[in-house]
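Sharing a structure, written as structure tokens. Questions coming.
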């Protein structure tokens, strides 16, 4: 007996960053040739260095590279790929891309273009959810009777009907882009226009919808998998803590979900998946009110950023599941028996951004890039020392995912892992993440989507301790030029200040 | 609610290498101050750089440092440690050390000195196992009627009674040191003497015993935990593939153990643990014959090298369990309900040794030290780039532990992870491990302690491919001096051959 | 790679940092503190990945990573990062712009989506003057102090580099500068 | 840190390695092969941790790590390590000793536990001549060829460095050097 024949010989990954690295590694493990694509700015990126073969798409701008369907298909043809994995973001939820892949003879590792189209539109998704018996939040789909985008007056009227606060959301969106919270009627029109503009920029479609703002609310989502016939749910993830509608910390299980609620959530998600004959990986997002009633929010028709927490509590490899389903294997053979949920996992999204200054994204080089390691610690990243965070792409540097037998231990592990993460050269949110993860409200599981508004003290940075002065003085010797230590082997021994003359002195004349 | 108060404020780790790093990290996660000790040769070792506080014990020789009970207790006093974790090897199974710790007022994180003494003697352990109803291999305890070491003539007589092949084993030992396989009567006396000499060297006690050699045999062990009153088993590990009686690859579950056999093995191990009121972590080793009958082999009264595979299939952190039990917590509160075994895990011991030349240990610097990463991959190591493998200590550089939903996937992951492990500068067994892990007999689960005798083809190295010449030529540019690339940031861009004159040429005149 | 500055601002005061290797792993360190200069001797050595440790008289080890930046020093000590501003002559120019109320500069590279003011407009503190789109998000650029728009140095739709001056403001009661 | 040699033995033949950067990520590579010299152009660049990749005409990327050692080059290509012996004048002396039947050398640093021969003894190929203890294990040192013990250069209990000559052997039928 030797290793089984791979499901595919060659798979192309149409993405960049940590998700490309993670998927390319998963492909190589299967004995399949892993083909990367990259923009000209990413020629030396980690995902490129992970691949067996690389094709350069074009200039840095996403529209010229990672969003250029023709160029990606051309790379797939040149590389004789059999299947294409879209990752998340970029073209992952673009039905035209999924359709083009299939038409050109490539297996698209994801749902069908029709499913993507139906579920990708928030309006249509809500109709499907209602048809499947899944509860939904009151709202307005943004369309007039002819199915075109409603005019501003209609939006204003519908907004008044739903009541404030409400949300303006891009119909095509996901991940909070194009989403606006409006507290009062007087701010509505400006928010509507900004939302439409962002939606157009981000998705090439300015359709937006309105939705009642359940408050205080939790964001809890269910991971689903389908093979077209059968569908299963793999537990929930709570992603309530968000900034600018982007998730900050994600965990599984949710501290508020007991077995009974989990069963109801999973049943609702599976009902929707079965209703559409869902294929491959997806996520059904719910808003959960303080009474633990839940409302359908949307379906993400792709692998999520936060899929690792589900991998850690289920012990499954979701990328391998995606590939096997795309190869035509049925779910029952892949996940025999019931999923076994065990332990606790939390993901922290490490981003180049300045929490203290409105989470302003930062760009620059990672002069120091040291990751934590040890039992229960997983780091998914597309960056390493010397990589630069560029303005062309999003600001996520890495995902730090920790797992432990229970939530209390998981939080202690996360705190230490964040302390052991050293990223310098560009401002990151690592300390902000630690302050959130150690905040009494977070520790007690009292999560809500407006957590940071309620607990703004998480945002303020700790003052430097007195020891920092001594550390700074030593840094003038040890970190001279930032690279000196690396040259001396990175680790062993000392740099050589005492090799210099006795008069060696950094601080200038006295 | 904030984090719970730590069980101890300060714990000292009386060890070095990967196990010290792993335990120190576990201690820091608990919010406890982690105190390292080191020899003068280890001042810059990774375990020292992991600690909150460090005490230098003495010269490199273990007898002057890691085996020097007085010096370690002195460091514990100076550092105001409350508890001492011994790791494995060194003093971890030395009852005198455990007793001295307790007498000096330090909590010893391990079994009681009496348990260690009773179970540490193979003879006594066998008696206890028999008393607990655990089946044992026929053998001779090496003692005369007065309890002293038997004379050579008695050994020769007993050897003839047991029959050949048989094993000569150090009574105080573990890990294969002082163990000799004797195929024929004519080789017995020389092996006996060598075994006695090695036993004296390694443990300060030349007592040896004899044992029937079950053949072909599997080595399967059960992880136990006790709190003095209750005991539990945490599944089995199969560690059959060995070289020079040192384990090579370890996995859980064993490919040959079904639920029924697992239950019998666990019951036998727990019976023995209960019989002695065992406290803390231990391992009950069994020899399993081709008929799947099992025989008690010995008890290791400490954390094992291969404990991570159990951590990965149970989801528990064994070091945290050890610390909690040492702090007086009872097992029932720590492992609520039944242990949940899930998935598969395999550990590969990466050592500085030359498999092709009799597994000769190698020493030297790790010029290149690049570890694999990704989902399901864990690396426990005490080394990093620039570290040197020294002749003073054992040759293990790291443990690569992979986990996956099933054994087939685990093996594919292990193969890729071993390929992604780049250790250069010193000869290692990384390629040997890959050849074993991908050998059809290993893949089919047909394991036995003489695996390498039966499948010696695992040992022979693959010939260099034709592409290696091109790689070697490029290495003259990229790896010039071994460190050039690091200076250029380790990753980004190129070294600068094209910055040099057009005539730039490494290969000398033509 | 930026140089690590030796003169920084700490706790609001300019401070000079001095460190010197003695023998083995011992270092002499001094810096200005309230009312004079502090000097101490510590042990120190390298960590993985470009960091270092040091150990004071209490035996407690501190784990530090540091690098120079445009405006000073990023210093990570025991798992928390601090930014120490350089007070050296040639540093901090660009960064200071961010606090200069007379100039609204792009805090990051991006596209100027919209101008919310025109020359001559009176502006309040915190009033949004422009919208920059970068990294898939829109960022509003507010006035730092009340005043009047002196000039607009950019146009809608243009790509601007971090540090580019976009708008000049004449601050109320300050007609010089 | 040892230099990476440019003259090595590959497949039993001495080979000269030549590589030269062209532009961007293109390199010119040549080396001796059966019946002449091979030249090719490849693309190449750095990997993490001191490695590099290269890509031939087929577009397949190879991942390589390499370093110089006492005796030549350690080369890890696509997850397999190979040791290429240097043929440069000043290299490989010590390593050659391991194959020299007239000298039994310590293959590693350790303690000489026991001598199993004395001067004048006739020895067979593979006969154990001494026992070295290192890294917690005993290692037997056998004769490489039949001969006679010419001299013993060490004594029991002594610590010996890797490469130290322990025993000299006069090989049968070879009374010269």
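When the chains are written out, they are named A, B, C and D in that same order, and each has its own residue count from 1.
Assume a residue touches a chain if its C-beta (ideal position, glycine included) is under 8 Å from a C-beta of that chain, and two chains touch if they have at least 3 such contacts.
This one's a predicted model, so the numbers in the text were calculated from it and none came from an experiment.
Undergrad: Going by the touch criterion at the top, tell me which pair is linked by more C-beta contacts: B-C or B-D.
TA: Comparing B-C with B-D, the pair joined by more C-beta contacts is B-D.
Undergrad: For chain C and chain D, what's the span in angstrom between their mean Cα positions?
TA: Inter-chain centre distance comes to 53 Å.
Undergrad: How far is the middle of chain A from the middle of chain D, if each middle is the mean of its Cα atoms, in Å?
TA: Centres of chain A and chain D (C-alpha means) sit 49 Å apart.
Undergrad: Quick one: report the Å distance separating chain B from chain D, using the average Cα coordinate of each chain.
TA: Whole-Å distance between the two chain centres: 29.
Undergrad: Show the residues in chain A shared as contacts by 2 or more other chains, in ascending order.
TA: 44, 46, 49, 384-385, 483, 486, 490-493
Undergrad: Residue numbers in chain D touching 2 or more other chains?
TA: Those would be 25, 45-48.
Undergrad: What graph shape do the protein chains here make by touch: line, ring, star, complete or other?
TA: Graph shape here is other: it fits none of the named patterns.
Undergrad: By the document's touch rule, what are all the touching chain pairs in this structure?
TA: A-B, A-C, A-D, B-C, B-D
Undergrad: Write out the stretch or stretches of chain B touching chain C in their complex.
TA: 43-44, 46, 49, 51-54, 79, 384
Undergrad: Which stretch or stretches of chain D touch chain A in the complex?
TA: Where chain D meets chain A, its residues are 25, 45-48, 53, 55, 59-61.
Undergrad: State the interface residues of chain D toward chain B in the complex, per the touch definition above.
TA: 1-8, 10-11, 15-23, 25, 27, 29-31, 33, 38, 40, 42, 44-52, 54, 56, 62, 64-69, 73-84, 107-110, 113, 133-139, 162
Undergrad: In their complex, what parts of chain B are in touch with chain A?
TA: 1-4, 21-22, 25-26, 28-31, 44, 46, 49, 308, 311, 315-317, 319-320, 340, 342-343, 373-376, 378-380, 384-388, 403-405, 408-409, 411-413, 415-416, 438, 440, 443-444, 483, 486-487, 489-493
Undergrad: For a test of understanding, state which residues of chain B touch chain D in their complex under the given definition.
TA: Residues in contact with chain D: 177, 194, 197-198, 201-202, 244, 357-358, 360-364, 367-370, 385, 391, 393-395, 418-420, 422, 424-425, 427-428, 430-431, 434, 461-462, 464-465, 467-483, 485-486, 488, 490-498, 500, 504-508.
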